[in-house]
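What follows are several structures.
Two complexes are shown next, each including chain A; its partner changes from chain B in the first to chain C in the second.
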Partner chain A sequence: MGTVELERLTLYYGKVLAVDDLSLRIEDKELCVLLGPTGCGKTSTLRMIAGLETPYAGKVFLDGKVINSLYPGDRDVAMVFQDYALYPHMTVSRQFAFPLKAKKISAQEIGQRVKEIADFLQVSDLLDRYPSELSAGQQQRVAMGRALIRKPKVFLMDEPLGQLDARMRVQMRASLKRMQRELGITTIYVTHDQVEAQSLGDKIVIMKLGVIQQVGTPEEIYNKPANLLVAGFIGMPSMNFLDCSLHREDGKLRLQNDHFGFILTPSLAQKVNNIPLQRALILGIRPEHIRLSPQDEPDAVSAEVYVVESHGNEYVVSLNLSDNVIKVRRDRKKLGFKPQVGQTVWAKFLQDRIHLFDKETEVCLV
Partner chain B sequence: MNPKPQKKDGLKLASIGLEEVCLEYSGKEVLKNVNFSVEDKELCALVGPSGCGKSLVLRIIAGLVKPTSGNVYIDGQLANNVPPGERDIAMVFQSFALYPYMTVRENWAFPLRASKLPQEQVDARIKAMAEFLKMDPLLDRLPRQLSGGQQQRAALGRALVRRPRLFLMDEPLGSQDAKKRIEIGTGLKKLQMDLGITTVLVTNDQIEAQRLGDKVAVMDLSTLQQVGSPEEVYEKPVNLFVARFIGSPAINLFDCTLNREDEQLYLSHSHFQVPLPPDLAASVEARVQGDVVVLGVRSEHIRVTLDEQPDSTPAQIYVFEPQSNEILIDLKVGDLVVRVREDREDLGFQPQLDQKAFLTFDKEFMHVFDKATELRIN
Partner chain C sequence: MLKAAWTKIKQVLIFLSIVVIGLVFLLPLVWIVMSSFKTRVQNFALPPLVIFKPTLDNYIGLFKLQNPAFMGDFRNSFIIAVISTAISLVLASLTAYGFSRYEVKGGGCLFGWILSLRFFPVVAMAIPMYVLFRMVGLLDTHVALILVYCIFNISFAIWFLKGFFDEIPPSLEEAARLDGYSPFEVFYKVCLPLVRPGIITAAIFCLIQSVNEFLIALSLTARVAETAPVALAKLQTAVGPDWGKMCAASTVLMLPVLIFTILVRNELIRGMSFGRLK
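For the complex of A and B:
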């Protein structure tokens, strides 16, 4: 088993609060991703689980037992760092064998496990090489092998794909995910890359300034962001944000600001029941949830085409909506026309995908 | 470099024209018969893997390297013997090449002073550039006080502030992180459009090439593989290399043989058979030269269903990766891995590892290549 429970963890670096009263539960076999910008506390949290940092307050549980007082080496967790930290003077097979030697396992068993790990990670023909003779991708697999060979209860990874080029990263993501599933080892993975987090995580924990913003599956985080930060962090191009407020005109509810306005559909009108009229709101709508037309349409907003970028089968169109730039992403064929720079187009927001945030608190209301 | 072109020759009407350009180093051909043009005000993205020759093409346009044979035209005039300094070109290198003993501001002012621009205009341009590149607080720093990414922006600024006739860039965004790369890339394109400066941008990132280029020139192994709009190189790659290189996730490729059965032409693979619709069958039959072809299908043109469909192939889910509104699924068909990209809502089910499913190819978007020549057939 490998359940991890973090109870009210707090960490200071001098006077700086890095992790603020953080509580989180990670289930057995789960791949949990800690996601956030630099300085959000994700690596600090990982290091406290590893035992490389001592919390100021709070407890770390592994399978129900508090492990705060255990040295890293006694915690039955293994860690892979961004720069791999391979022993430069050891061949791959010795890198793998080394952690087992300290555990007084027979030479025969060590040989067996090294072979198994090497086969699993497809580095069998690299066993006699030194780290300097390996590519970045190969080094990364060796670093993982060295951690895995101990059969730890929990696998901790700190931006392990950070050193790889874009192409390799994409390839390694899928094999990493598959590998974690096959091994069934609880894994806690730190990254600042939201694409990576969505790809890998069973559960994503978004952090900012030491505080958890939201915990959810990739789908939940994408469809139901808890606040402005989460909404803007997930998705590429990121969600468009527009200041606006609710008004009632001729008995109909409208969302509007100085430059645009539209009537709410009945289903959206229902969702905004509790929101006071005139309250300062932020409308959030993802680029993929906006429909463009070269002609005027009811309840569409007119805007000027600023830039058109081709992206595989899609266009990403940047529009000038008065002082705001909003982005629209759509399959070329479905769009049906090629927007020209300077052209006026009409943008319609898919109302069932509109999010509304309180401007002051930044909390998601709809 | 001023006179208007006289002849009505496509290459010579363009801003930049390369005609049968070849380059040889110590008996080795490093550029072979490069022919292409860049129109006035166009942004051409020159893209290809490391070592394909794209940087050499740029250097030839700049005049830093002389072709072994072939002609370089700039604004319709033969430019083979025109020294770089007289081509009114600004170039940004990968290595930035900033004057190390000058601040960013001085680096930018230097080329402007050389063109005798009045001081207030120099100041205005520097201010605007600093705003655009988000370098306001860095103007008085020396290059060694800047990060790699900042140095790169400083180099971009120095080139652009001159408003040159032609702008050549060799991987100008390489040092930036992903987010900045996209931001600055879009801003660069917008600036290029507003200023109307004919630009050639060299990159090894095909996503960037598609995003920024009005025209994309794909190179491999010292030859130009295809020149066309981003839409063209994506939707109608002329050969296997372009098909593989352009597009992310990469296109799925299957070796197939052609089979005829009861008036119907099939593409037969060891694990599946696909009947060809009439017009596709007609073009394949007309142009194929053997009976082994390569079928290419992009990840967004394959449907995954839990139930069998007409002409579908059984497969097993190997791994899946959610991505915003889509899910990327790798499925195993025998020992083959097929990559599929579906909108989460179109998919209609939550994928599970090792789950059995069925794949259907969208026949309207199949690409067929001759296996031997690697050229597109349809």
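For the complex of A and C:
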């Protein structure tokens, strides 16, 4: 079993508040990703679970027992560091054996476990090498092996793929996910890369300035962001944001600002029932939910093509919407035409995918 | 074309200067070793003899010498240097680790004060030390010299080793803590092996300093704990210094540390390449 519960954790670095009254529950066998920009407190939270930082307030539970007072080595928790932290003066086989020697396990069993983990991570032919003789990918696997060989209850990872090149990162993501499933070990993974978070996590926790912004599955976070930060953080390219407000004209609801406006469909009109008219809003729409046409269409907004980027079989078109730049992402075939820089096109937002945020509170209203 | 030629000329000039400087530094040493194999007469020859018939008389005389008993003194020097260095390194490595990893209130001042002991003028210490050790009845003992040498060795080693400990990334120690090791075990099993080149270099410096030390040894010892530098100074005869024996004695004194350094040469180099963490 490996359920982790964090209750009202608070951490200060000197006078700076790093983690602010954080509470979270991570289920057994779950891969929970802590996601957020640099300085949001995700690594600090991880270190408090590991026992490398002492919280100013709050409790850490493992399987229902408080582990605040336990030394890191006694918590049955293992960690992979961002710089791998491999012992430079030990061969790979010694790195693996090192944690087991601390627990006074018999030499025979140590030998067996080392062999098992080396086979599992495919580093069996590297056992006599020193860390300086390994590539980054190999070092990373050794670091994971050293953590996993202890068969811990919780597996902590602090941006482990950060040092790898882009291709390796994509490869390792898939193997990590599979490995976690196979081993069935509760894993808490810290990253600032939202693509990584989405592909790996069973549950994503988005943090900013020490506060949890939203907890949910990748789909929930993507489709129903709780606030502006979450919406803008997830998605590549990120969500487009436009200032606007609600108006009523000729009995029909419109979303408009100084440069554009369109009538709401009945389904969207229903959702905005509670929003007072004239309230300052931010409209959020993802690049993949905008449709472009070279001709004028009802309720479409005209804009000038600014940049056309080619991504595989997609175009990412940046449009100039009078001082705002919005991005549109669309499959080349489905787009039907190749936008030219300077061309005027008409953009239509898929209304069932529109998000509305209160400009002041940044909370998602729709 | 001209530029390439000029670069080549510069390289040759630099190489030659290095060779010349190296020779200038080595020359006294080479001369001492050569002179140790010369007879008394040969040592006074003018112009100085470079090619001569070597003799072992000086070395044999040194072994047989009773007053001063050179071989006994040489042994004393060696014992005192090794013990003092060993104690110093143990204490200094722990202290340097403490300074490196933990925040001590007024730590900067403390560290500076410790370092200042290293360049304290020995001359000013000599007489107070004599009085002090006479009071506790430790004159002319090995313990006295070991204690005094520790002052310099420990302060030097702390300053020297702190830099090495600073180089170790904290995440290594954290990983070891998570692996289940106590703070002392982390120090002993992870940090110490990583600063090994530092420790060996510090050891070499401490040994050299201890073996060469003259003034305190002169002040605090008489017969029992007399050390080699003092004996060397005593190699004056009625007709002036016995150059042959002095050079032989110097050569013999140089040897242990030289051999030690040659033996650990590989350690130093190997240790350096481990130290380079990616």
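Simple rule for what comes next: the second predicted complex is superposed on the first by the 366 of 366 C-alpha atoms of A that agree within 3 Å, B and C clash if a C-alpha of one lies under 4 Å from a C-alpha of the other, contacts with A are read in each partner's own complex, and residues count from 1 in each chain.
Criterion: a contact is a pair of C-beta atoms (placed from the backbone, for glycine too) under 8 Å apart; a residue touches a chain by one contact, two chains touch by 3 or more.
Just so it is clear, the structure is predicted and the values come from calculations on it, not from any experiment.
A.B. asks: Putting chain B and chain C onto chain A via the overlay, clash or fit?
C.D. replies: fit
A.B. asks: So, A:P99: does it touch chain B (first), chain C (second), both, or neither?
C.D. replies: second
A.B. asks: For A:D258, is the partner it touches chain B (first), chain C (second), both, or none of the two (neither)?
C.D. replies: Neither partner.
A.B. asks: For A:I234 in the superposed arrangement: first (chain B), second (chain C), both or neither?
C.D. replies: In the superposed model, A:I234 contacts chain B only, not chain C.
A.B. asks: Touch test for A:N313: chain B only (first), chain C only (second), both, or neither?
C.D. replies: It touches chain B, and chain C stays clear.
A.B. asks: Should A:Y130 be classified as contacting the first partner (chain B), the second (chain C), both, or neither?
C.D. replies: So A:Y130 only meets chain C here.
A.B. asks: In the superposed arrangement, does chain B or chain C reach more residues of chain A?
C.D. replies: If we count touched residues of chain A for both partners, the winner is B.
A.B. asks: Per the contact definition in the header, classify A:D250: touching chain B only (first), chain C only (second), both, or neither.
C.D. replies: neither
A.B. asks: Looking at A:E219, would you say it contacts chain B, chain C, both, or neither? Reply first, second, both or neither.
C.D. replies: first
A.B. asks: Touch test for A:A50: chain B only (first), chain C only (second), both, or neither?
C.D. replies: second
A.B. asks: Quick one: smallest Cα-Cα gap between chain B and chain C in the superposed arrangement, Å?
C.D. replies: 18
A.B. asks: Considering only the defined contacts, which chain A positions touch chain C in the complex?
C.D. replies: The contact residues of chain A facing chain C are 50-52, 71-74, 77-79, 81-83, 85, 87-89, 98-99, 102-103, 130-132, 139, 146, 150.
A.B. asks: Please name which positions on chain B make contact with chain A in the complex.
C.D. replies: 178, 182, 186, 189-190, 193, 205, 207, 210-212, 229-231, 234, 247-249, 298, 300, 318-319, 321-325, 328, 330, 344, 353
A.B. asks: Under the touch definition given earlier, write down the residues of chain A that touch chain B in their complex.
C.D. replies: Per the stated touch rule, the residues are 166, 170, 173-175, 177-178, 181, 193, 195, 198-200, 218-219, 222, 234-237, 286, 288, 306-307, 309-313, 316, 318, 331-332, 341.
A.B. asks: Quick one: in the complex, what on chain C touches chain A?
C.D. replies: Within the complex, chain C touches chain A at residues 169, 171-172, 174-182, 185, 190, 193-194, 273-278.
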